[in-house]
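Letters A, B, C and D mark the chains in the order given here, with residues in each chain numbered from 1 onward.
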């Protein structure tokens, strides 16, 4: 029946119109909801990002861990190096000859050791410095290198790595926990704020019911309004989050110049879409619940 | 005039009564304000604590930095140690004889250095390990030790220390910034929420004015109510913050067993009093501003 | 059209607002509902548009037991009943014409039709010039008339009025009554709760008197009862 | 007691609610204010308790130009004027007796005195039994009477009533009028805006008629004017 379809579209148009009108009409009230939403999303997004960055940082530190392979007196250093290079997971190798190593040791220990009293015979072996692609691969790669013929011994930051893994697990866990808690907090605070604005308009809901508006018809403008709040809150929060992140990245890079921190644009986009989802979801749900409350209250049940 | 005094006290009693009645009467609305306040204070307190802890942690790591003083061949190690001990800022000294040092070095470098090819003559000097009381003192103390006769050279984590100082400055700055921003956010969110509840009671304000209540008389119940909200929010937030902190401390201690982290009860009390101040202040101000708005609006000006 | 069978309403506070009330109102009837303050007049009207549900008995409107309607069916009932409230119940943040148009928009009426009907309803109650004002900018009597315009804009088969002339001067009151008579002649069932002795006495319509929640008088062409209450 | 000198009130919307109005009401007078809907009656009362300020002219109550009062002085004025509102303005979350007691608490009256006076005010308006109910649990007429009780509990020298009988049945309306007469006999100046022709006609008091914001009739012992508006 084309008439029914027409009626539906007219109602839909009315709903959209109502939602927009309501946002503008209750000016300062809408302002308060949007500010609350912005603040909540800002905190949520900020912490989310920070925990992401901390995780990336610890990972980057982990990637700095190298394996030192000591070549036996009779081993062929160059051949061994290319063999290691072909192991899966190895990023690069670098040969340090025993002479280089001896000189470096003398340099480093100048004030501690009186080298003049020492035999000039170099006691050090050739060393191959190995970098791996993923810090998680260090231990298995080290085992494989150890097993190669011609390798006398290996050394790598075993303790540091274990510690880093612990810290990474902690950062991830704490980050998840805090972000989760903040998500709940955002839901609570903005949902409640929307509740109050709907409460302030319970008379409107009552009258809608009295002139025979259906429940769905009453819900929709509020739902849409909540989503508009969410959208505006996210936009404002993004406008503050993006520059704050650049600032933070620059500072972190200054502090840890040896660790490469990349401004991952995609991660930012992902974060912002999550925030949008949270914001609009919270707005819609907050409205929905409080409208429902009043609907039941005003139906004479 | 005793009559005036009596009237004043009766009015004060009425105000207090009103405030309490209003909190209980508008049940779920009060609930929403208290929840919002709790959440905001929780986030504020949590971040505050975290930045405090991070600062303490970096400081504790800094305190681990030691100065190694190498004694000249002809120096009197014991005498030098007691001289260093008396320097201001020095926490403790420990003598490591050249024999101990040599044995330790052989142990540590077993896989890297072929000691059999080395002369058995010990090339190392006696060493005095110095701990300072305050990590900030490391550099000046090191300079003083260097100047002592009989000290051949010194060594301390110079680079690490500089880096740590940078990190500490960053943590402090970022902490202050984030806590400051959160303070503003807390003010905005809870102040706004209170605004909405006052808005919902503008009819009450209007009627108070119509029956001839003075501005002060109208303000006070709302102010008190705001402060009650602040108090309740702080109590609830504290109830969650204290256990969360213990949990965090335990985890951190597990991660950094070598760093002593003390559960500073006093710092906790101080933090909670700050929160109480913020909570009650925000509550009172939030009420004040929104009541004032309505007062002016309803005075026929 | 309207039928109450042994209807009682006891509010949660314990007040017995209606007691075993029986009443039948045929289609196109015009009925005055009178009685002292607190007699139960507003309560009876509230039962008819299901703003309250009866504690006992049945309320039938157009053959439907409205105590049994689900929330989903409620809008259908409300669209068929226009109500003028004692306390106006206008939306304070919308203009007069928006308030009136509201009931039509809810039904998905076309914009042209909405405009046309809203205009003629405002014309009828004499508020054509106030169309773009806010309710807060109107006098009490004007607000009452806006409420009436909203109730009839939808041409519902039943019209309930709670003290439609309570805040109106005699002239305007008569205008409204003439208007209601006209609407009634087009087939709308009308129930008017009122205290306006002058009007009830002169109109000579059916008068139902309740007191203490009980029906105590039902005159087919009556006047305002004397000495009741 | 009350004096309006060349008072005009133009609302921001541009409506000229009052135009160069002059009026003097002596102490202990009883005045009916009549006129068609939208004539400016409520506006005039609002000027007297300074809910609105005049656009031009002076409003004097007890010799004070109340247009010049600061916000600090406003409570003093309001305490000397009792007002009954057309739309009740009761606090929905307080019981009837709390609503009435409110005006006394604000003044720091002792609890015993509050209780005594609240009781007798509720007795006067016939709502002794409803003392502990909420306004939402009352009928329209009962709420109107609560509002009256609140206005007089404080025995103010001036009492302004906007349609005090608009929602009341004739019996109760007469009770209220008798009550107002009694209060007036104790020296209170009373101004009643009303549409109740029956009451105005029988009381034979001073009747001030306004229309379109202008004073058009001031009869010392008048009746409800015919053909005005």
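The rule is short, and it goes like this: a residue touches a chain if its C-beta (ideal position, glycine included) is under 8 Å from a C-beta of that chain, and two chains touch if they have at least 3 such contacts.
Keep in mind it's a predicted model, so treat the numbers as computed, not measured.
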Intersection of the contact lists for subunit A and subunit B: none
Centroid comparison with subunit D (C-alpha atoms), farthest chain: A
Geometric centre distance via CA averages, subunit D-subunit B, whole Å: 60
Distance from the mean Cα position of subunit C to that of subunit B, given in whole angstrom: 65
Cα-centroid distance, subunit C relative to subunit D, in whole angstrom: 28
Shared-contact residues (touching 2 or more other chains) in subunit A: none
Multi-chain contact sites of subunit C, meaning residues that touch two or more partners: none
Overall pattern in which the protein chains touch one another (line/ring/star/complete/other): ring
Listing of all chain pairs that touch each other, if any do: A-B, A-C, B-D, C-D
Touching residues (chain side subunit A, partner subunit B) in the complex: 29, 32, 35-36, 39-40, 42-43, 46, 70, 111-115, 117-119, 121, 123-125, 127, 152-155, 163, 166-167, 170, 174, 178, 182, 185, 188-189, 192-193, 195-197, 199-200, 248, 251, 254-255
In the complex with subunit C, residue positions of subunit D that touch it: 11, 13, 15, 34-39, 41-42, 86-88, 133, 137-142, 145, 162-163, 166-173, 195, 197-198, 224, 228-229
Interfacial residue positions of subunit D with respect to subunit B in the complex: 46, 49-53, 71-72, 74-80, 83, 89-93, 102-103, 105-111, 150, 154
Residue ranges of subunit B in contact with subunit D within the complex: 6-11, 14, 25-26, 203-204, 206-215, 217, 295-296, 299-301
